[in-house]
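To start, I am sharing the structure in question, which I have written as structure tokens.
We just call them A, B and C in the order they show up, numbering each chain from 1.
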Amino acid sequence: MTSPAKGAPGQAGAILALTGPAYLWLTVAILLPLSAMFYFSFLSEAPLAGKTGEWTLANYRAFFEQGFYGTLMLRSLRLGAEVVFWCFVLGFPCALVLAKSVKGRWREALFLLVILPFWSNALVRIFSWTMMLRGNGILERAIDWVVPGRFRLDIMFTYEAVVIGLVHSYLPYMILTCYISLQAVQDDLIEAARSMGASRLTILRRILLPLSLPGILAGVVLIFVPVIGSFMEPRILGGRNGTFIGTVIEDQFTAVFNWPLGAALSFIMLGCVGVVFALSRLALGRRG
Amino acid sequence: MRAFSLGGLGRVYLVLVLLFLYCPIIVMAVMSFNESQFYTLPVKWSFKWYGALAGNERILSAAANSVGIAVLTTLIASVLGTAASLAFFRYRFRGREVMQLLLFPPIAIPWLITGTAMLLFFFWIGIGRGLHAMLLGHVALALPYVIIVTSARLKAYDPDLELAARSMGAPPWMVFRRVTLPFLAPGFLAAALFAFAVSFDQFVISYFLSVPGTSTLPVEIYTAIRKGFTPEINAISTIVIGFSMALLLGVARFYKFGGERK
Amino acid sequence: MTKLPAARTARSLLATAATLALTAGFAQADEIRVLNWQGYGTDEDWALEAFAEATGHTVVHDYFNSEQEMLTKLRTNPGAYDVVLINTAYTGQAAAEGLIEPVSYDDFPHADGISDAMKETAALYHDGQLYGIPWVWGVTSIAYNTEVVSEAPQSIELLWSPEFEGRVGWRDDAVESVQMAAISLGQDINNPTDFDAIAAKLKALKPQIRTFWSSENEWNQYFSSGEFDISVYWSGSAARSANNFGLPVGFAIPKEGAIGWLDELSVVKDAPHPEAAKAFIDYMIDPEFYVKWDTEVGAPVSANADAVAALPDKAFNKVMASDEGVAARLKFLGPIEDDVRQKMLEVWQATKTEFQN
């Protein structure tokens, strides 16, 4: 095999042959569609069925003129933040136990057990929550069994139900990314700190958390992005409380047939995600 | 030696999290054996819905589509992705970083947006929707995963091994068969299984690209949830979950998720 | 397991082969695709079997959850469907967009039983041409749990009453929601004028609504698990929930009135099998089909007078069809102007946003 070297003549052909097909594919299936969508977002109507849309900014203006789009965008951002928060609160300790407190075959088995659900169909798992949460469902029955009494949990079709479903969907991501970076933390380092009299809390705060920050951040991104764009989970679990920017965008494409507006809302959503990440990078950068 | 032991408390916590993760899945599986159509409790055990599933051509054909697309996606994405990662491994060239960066949109942009963009573009330029369009989309989603996984394996590959084998007089095909292939095979297999799983579980893209009469299993399940369904959906969901989990165990066999394992 | 997978496969293969053998005798056995609500008559197994036996054509279905979705499915899937069910409020729009084909009553032998008044319903026509065959009509009103609500609701205001706080089911549909509010406010349901009052009325539903439902099956599940006690619902569906699923459902038409609607069946533009499509529509208005549908499953009122006449005398639909008191209270859904519909969508979208906790 040739060792890696700076582009020698004759290599160009090989590189093209090797990467060309994959990138051609990505261009046709991802890049061009996104560009087309960007183009549509500036049209007054979709240029389909013999119609020609005119150049306009009305779709972007609609977002700012109709107050509820903004409200829903904020609601989706809040949902993203809350789901990320709970995933971290539940997932980090779990990753910590796995990485630093369990060893050997047990760790391997437990680790697989944690990520196993994540590999099963997301839709199916969301669906399974409807049976847990609904009125007179498993959860209410279970509580009733432990603490008898006419107790109504009333959690199905609420914002909380959507959060629960999404946390369940994305928790394994956080555990996975935190686990990988926690594992890279040398045990010797922890030992050294302890021998110098550091308490558990100090070790957690001064060593484990800072050193696993890349993993935590990877988890945050991997969770935040899809949650902002979720529409299936809110539709199934949210009921009356299931309106988010994602469901509105889906509606524009599958029901209302206002593709330009849907396109504009999509790019505004992407913009918001971008701003959130830029801001958090800034904040992190300032601190460290 | 445990570096940061949380003792029994940690274990208990882990068990609770596992309970949270598995509870709904177990409930669903149990409900698939419940005779009542509206999931009323207590459970009356029955295989009725599995029987009904066998006669449900919609679901069966959707399942066949899912498997078919996943197999094709696996083949195409593995070949194209491996080729690209070989180029990244062997050559340093201008634009390499940009090209690697380009792998991220399929992962980092919400599927809702990629999916609707595909719907809009394919419909607009006449590619249309249906199985071929889904295949286009699935391969694009699977490619970055394949490239990342195979690249990781390639990074650990030492070309000197080949050199050594060749210097001892082994013919090239023998070097490939005995040295290169055995080393790289687990990575390729893991990548292929990744591609299969990405495609098999994909809902959003398929949802926007399906046409009447032609859909995949997740789309059919969603339609059923939204538009009227029976516990047959639980039955097929239970089968799907079982299948996906078996798949992961396959991947775990070839790909070290947890990093070091001692 | 009761049977081995292989045995099951063999059985389904045999069944397929048998079907093929049966249908081979017909000159033209087409597979037609029908777009409809789920569980709404056209997809009854026994009906499809009878239709296949009579004509050789088989039928497959695709479903929608809202009229908007139905129109978009037609727009984005040209040439995919043969027959579509359209609420007459949307027939004009579908025809104007070129989504459906003009038809003539002459091609439908069973249309003879449809009264002239029904045949001439203005909403079926666009530019002077007929675009749909009237199929069934019904009422959107209040369904209630007879085990919880002892007496049939007399007033639409019950939906807003504190008595049913958090116990109301509602359909997530802009037009229907605005129209229910319009009825309670005494406004014209097809052209409401005071949208501010409607918006305020709809916002007042926030504490009332337990959940939205989007399909009949979903409704049945929520209802049977006690999620809501009263709900906006359709007359035919209420009949099905009671007859077919044995749920304790009552259906009331309050004194303020209710939404009356007419559903028609149209041949889709560029339908791959237009002749089979027409045959299917004709079968759908066949009294024989209707009587079985209504008595065994539950249905709205047939547009075909012969079909209603063929019902047993005490049948709910026969009584309702002849009850002039009911007829007087119904506000029929007519064509809605584009700008009015747009306004309805906006009001509902804004209201839903307010609903969020």
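The definition used in the following text is that a contact is a pair of C-beta atoms (placed from the backbone, for glycine too) under 8 Å apart; a residue touches a chain by one contact, two chains touch by 3 or more.
Everything quoted here is computed from the prediction, not taken from an experiment.
Each of A-B and B-C has its own count of C-beta contacts, and the greater count is at A-B. Each chain gets a centre from the mean of its Cα atoms; the one farthest from the centre of chain B is C. Chain A and chain C have Cα centroids lying 38 Å from one another.
Separating the CA-averaged centres of chain A and chain B is a span of 17 Å.
Distance between chain B and chain C, defined via averaged C-alpha coordinates, is recorded as 39 Å. Listed for chain C are residues 76, 225, each touching two or more other chains.
Residue positions of chain B touching 2 or more other chains: 39, 123, 226. The set of chain A residues that touch two or more partner chains comprises 48, 136, 254. Of all residues in chain C, only 66, 68-69, 71-72, 75-76, 98, 166, 170, 209-212, 225-227, 345-346, 349-350, 352-353, 355-357 touch chain A in the complex they form.
Taken in their complex, chain C has these residues touching chain B: 1-3, 5, 8-9, 11-12, 33, 35, 38-39, 60, 62-63, 65, 73, 76-77, 80-81, 214-218, 220-221, 224-225, 245. Chain A meets chain B in the complex at residues 1-7, 11-12, 14-15, 17-19, 21-23, 25-26, 28-34, 36-37, 40, 46-48, 90-91, 93-94, 96-98, 100-104, 107-108, 110-117, 119-125, 127-129, 131-132, 136, 138, 141, 168, 171-172, 175-176, 179-180, 183-184, 187, 190-191, 200, 203, 208, 221, 225-226, 228-232, 235-236, 246, 249-250, 253-254, 259, 262-263, 266, 269-270, 273. Partner chain A is touched in their complex by these residues of chain B: 1-7, 10-11, 13-14, 17-18, 20-25, 27-28, 31, 39, 41, 80-81, 83-84, 86-94, 99, 102-103, 105-106, 108-114, 116-125, 136-137, 139-140, 143, 147, 159, 162, 197, 201, 203-204, 207-208, 218, 221-222, 225-226, 233, 237, 240-241, 244-245, 247-249, 252, 257-262. Interface of chain A with chain C (complex): residues 48-49, 66-68, 71-72, 75, 134-137, 154, 156-159, 239-243, 248, 251, 254-257.
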